[in-house]
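In the two assemblies presented below, chain A is common to both, partnered first by chain B and then by chain C.
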Partner chain A sequence: MPLVNFTTREITCKLVYYGPGRCGKTTNLLYVHGRVPEDRRGTMVSLATQSDRTLFFDFLPLELGVISGFTTRFQLYTVPGQVYYNATRRLVLQGADGVVFVADSQARRFDDNLESFQNLQENLLEQGVDIRQLPLVLQYNKQDLPADLILAPPDLDDAFNFRGVPSHPADALHGAGVFETLKTLSGLVLSRLATRPPAA
Partner chain B sequence: MTDALAAPPDFETFVLDAANRQAAAAARAVADASGVPYAPLVVVGAPGSGKTELLQTIAARIRAQHPTAVVELLDPDRLAERNRSALLVARGELFRAELVTADLVMLDDLERLARHQDCEGLVADLLDERRAAGREVVVATSTPVERLEGLDARLLRRLAEGTTVQLSLPGPDARYAILRRRLHGVDSTLPDEALRAVAEAEFSSMRDYVGALSRLVAFQEATALPLSPRDALVLIGAPVAPVPPAELAAPLRAAAGDEFGEFLFEVSASLTEQVDRWRRAIGEAVLHWGGEGLRTRRLEALLSDEALADPEPVLAAFEADAREILMLAAKAAQLAPDLVGAEVFRDPDQVTAARALVANAGSRTAPLTAPLAHYRWEDFAEGPSMRLPMMAARDIIAEPGQRYSPLVVVGASGTGKTHYLHALGNALIGAGVAHVACLGGHAFVAEVRALQDAESLAAWRHHYRWVGALLLDDLHLLGGDRTAQDELILLIGELTEGRRQMVLTSTQPLQRLEGLDSRLLVRLEGGLSVELPSPDREVRLAVIKRMLADTTARDDAALADYLAARPADSVRAVQGVVQRVLGEAAAQRVAPSPALAREVLEVMELGLSRAARRETARSASGVVSPGMGLVRSPEKIVSRWPNVADRLVAELR
Partner chain C sequence: MRSLEPWVEAPLSEFLAESAARLTLLMTSAGQVVAQHGFTRALDVMAAAALGAGIMASTFELAKVMGTRPLGSVVHQGSTVGVYLASFETPRGRWLGLVVFGRETSLGLVQLFFETLASDLARAAPAEEPPRQVLAENFEAELNNSLRALFGR
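Then we have the complex of A and B:
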């Protein structure tokens, strides 16, 4: 659940971008960072290697201001995609209010996507989180690549979206689908704020 | 409150707009009987569009203009019921004739006639016969005639021949006017902007708008919170457009058209919707629990902007407390009916106090020493000398605890103090005073002495602390017992504070009571002290008559007069005299009579006293008068009379 502090009237949501290495998670955050007014964004922390591979995680705090009396903050995280950083992924995944699974649309990355998606489910399960209960959005990135190199969104839906969660085609490098994905996930996360049924 | 919103229907205040103008004009023509019969007039409108109100308005206008006019406003269920009832008593034709000759017949919810096929022919005939007689019929239906299913074809043809008018959902202005009119005469502080917002909300029927209005009025009544239009919409569950907060407005405008701006707007909308949902849930809880008669301050605080609490646990905790309060109230009602309606059982914020009260009430269920039932107020003989105590008793029965508390009744032994006390206790019970404790001074002292420890003392105090009235007989018996007096002082304080009645009896006036603490006397003197005097002749006569009532001498006025004329310093003495006469009559197997009474009370007493006197005379030098020990003239001493015959006559008398 999003962290709601009623004493200080603050809402903090932790959103995690998950996916195989080089699928475009950091690119998503960079695009968001580039579109957020300076007074609304914190410093983006990106721990990357010389070859631009995320070593630890990326972190982008967003200050959305006071909404309905609550100071609202979104914290966007990415996980390192490489297989051997699983411990870090688990750490970042802890307490996530929602997850964007960024899939690389290239056909040759299909197995990597599959492996990462299974890894996501396993890591959530280890933390006692049922993926069916967690707000999840699928993003099919790199849809700007030539059609013969990539799988179309319906094909990717067939492969990954058997639970029928929201999915968006994207080109994170140029921004297509980036904010759509973020908006969809935010909506899902915020809708869980008031899940209590009205008084009888 | 909802009933209060149901203003009497009236064409003068009927709100017209394009949606109902034609229907209203036709209805008014029917009511005024100024036009050609529509034969029949068919009013078609969706559920909640105001068809029934239109029919009621017609009926009300006709009755206002022609008080003796017969207007039948029926629905198919009622029509079928009346028809079947009439057929059962062989008055079917009479019922039909009544419908044919009525000044106006109106049938609401026509589509439901399909459920009563036995009445379809009746309605078709009715249309024919009333049309032939130039009399109108008005029917209302939510389904256009051509789409009515399951109805007799002849009936449908007759309906199709009539005039159809449509009633649609009025526009926002008309809705506002209708709602405004509904509010007329209702003491509501609902802001006009909120009313306007309700009128502009999207509902499918006017009934929904009126329901929403009732809800808001009830909410206002329950909370007295100011309602903004937005609050009003949230409370009635109408869609609310997301309004970005002021702080966001400028950045949003600046970011309009860019991706982050759109994102921010959507997040605002989502969050606002969630917060509104909380507010709606809280508002519903306020209405629900307010409807149960409970205070909802805690929830109302949540609705205010200053509330700094998580609504979910607060709401859950409030609901748990509210349920417990209701449960405690029910329990208290069983244990102590006088606690019903206590403020503490209406406030979920006072659960702890309510629990304590119920626990205390539990200790009150231990039986109190109640007044003896056979001492009845109506049996208490009243004479001129009893005027003051009787007046005090009547005032006490009328207003227990409000006047003359404590009341101290002073009287010598046998004057009727105990009867007075118990009879008054029974009368108080009859007047609705719960938990009347009536005990003697001995019992009170014994109870206090039996208290072994602080716990039992506390329980005992609690036991009496809640009595509705305390009646203590023989106060003088507390003399010298400091502990019992201390407890009585405490108890008097508690009961005085609670304005509960206390009555005490004593053989001595307060000033002459010995061994009583001055603090106790001061408290008792704060009330009223009345004296029960020796019974006067009227009291004696009443007592005697009551005792003779079950004997053969019940109508013997001479006997009653004779007995009442004898001096007695107490009621008990009077009762003793009557008992002696009745006992002697039973022994002699004769009816009680004045002669027998005289024999028992004068001759036999004389004999007894003479024997006693002989003894005394032998030991004394003088002559002793009967019973009084006074010297009397020797001529009165019958035993010394020289003439035997005289002595015998005197003895026989």
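Then we have the complex of A and C:
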């Protein structure tokens, strides 16, 4: 659950961008970083290799504003996508309030997407989190590429979205779908705080 | 000092007075800030917490790989400041502390008083409150307006 400070009336949510290597997770954060005014975001922290591949995580804190009287902040994280960094992915996933699974729409990356999606479920399960209980949004990135190279969103939905969670086509490099993805996930995460707990 | 819950404040104040630490951050093992002293900007605190939690998480994993018991603390010693990172158990789960200290104190004092802080917090923690409704049921309009403003739409 998001962290709530009743004294200072603040909410902090941890949102994690997950997906295979080079699918566009860091690009999502870079776009958000570039669009949001400086006074509403912190420094973007990137722990990357010399060739700019994410080694540990990228981190971008955002101040959303006041919602129902609570100053609401998002902490956006990415995980390293490469298969051999699984231990690091598990660490970053710890305590996530919501996950964006960024799939690479290129047909040739289908198996990588599948492997990463299964890896997400395994890592959550290892932490005692049922993926069905966690706010999840799918983003089908790189939809700007030529049609003969990519799978269309309905085809990707057929392959990955058997739970019927919200999904968005995207071109994270130019920003298409980035805002919509973040908006959908934040709505799902915050709605957990707007639910009246069952009476004792 | 800012803290998530009032019961954290007294033990933390005592630690700050005794250890003469410059900056102190208490966080959950997932990197969520519980209390802080000395940081001036909320968003920078979050970056420090994310990095501190990352260091401790990788230290734990490294110990696993080496087949040793988890390392409870890590020290980075610079020429003018040092950083002490340590984990400790509370009734609210595993928490982490990040302490930045200068030449006015020493690593030994920071470690000593941090151990006291950890045990004071474990004792002071009240039972966790049951979940309650935080946001209004129609919060989505406010959320959408905030996001639109944030993205300049």
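By definition in this document, the second predicted complex is superposed on the first by the 196 of 200 C-alpha atoms of A that agree within 3 Å, B and C clash if a C-alpha of one lies under 4 Å from a C-alpha of the other, contacts with A are read in each partner's own complex, and residues count from 1 in each chain.
We adopt the following convention: a contact is a pair of C-beta atoms (placed from the backbone, for glycine too) under 8 Å apart; a residue touches a chain by one contact, two chains touch by 3 or more.
Given the structure is predicted, the values throughout are model-derived calculations rather than measurements.
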- Larger contact residue set on chain A - chain B or chain C: C
- Which of chain B and chain C A:F179 touches, first, second, both or neither: both
- Partner chain in contact with A:Q75 - chain B first, chain C second, else both or neither: second
- Which of chain B and chain C A:G65 touches, first, second, both or neither: both
- Query: Taking the superposition as given, does A:A152 touch the first partner, chain B, the second, chain C, both, or neither?
  - Reply: neither
- Once the shared chain is lined up, is A:A107 touching chain B (first), chain C (second), both, or neither of them? neither
- Message: Residues of chain A that sit at the chain B interface in one complex and at the chain C interface in the other, please.
- Response: 4, 7, 11, 35-37, 40, 64-68, 70, 72, 179, 182-183, 186-187, 190-191, 193-194, 196-197, 200
- Task: Name, in rising order, each residue of chain B that touches chain A in their complex.
- Result: 244-245, 247-248, 251, 254-255, 258-260, 262-264, 266-268, 270-272, 274-278, 280-281, 284-285, 288-289, 305, 308-312, 315, 319
- Interfacial residue positions of chain A with respect to chain B in the complex: 4, 6-7, 9, 11, 32, 35-37, 40, 64-70, 72, 74, 175, 178-179, 182-183, 186-187, 190-191, 193-194, 196-200
- Complex interface listing, chain A residues touching chain C: 1, 3-5, 7-8, 11-12, 14, 35-37, 40-43, 45, 47, 56-57, 59, 61-68, 70, 72-73, 75, 77, 87-88, 91-92, 94-96, 179, 182-183, 186-187, 190-191, 193-197, 200
- Which chain C residues qualify as touching chain A in the complex? 2-6, 28-33, 41-44, 46-47, 50-51, 54, 57-58, 61, 130-137, 139-140, 142-147, 149-153
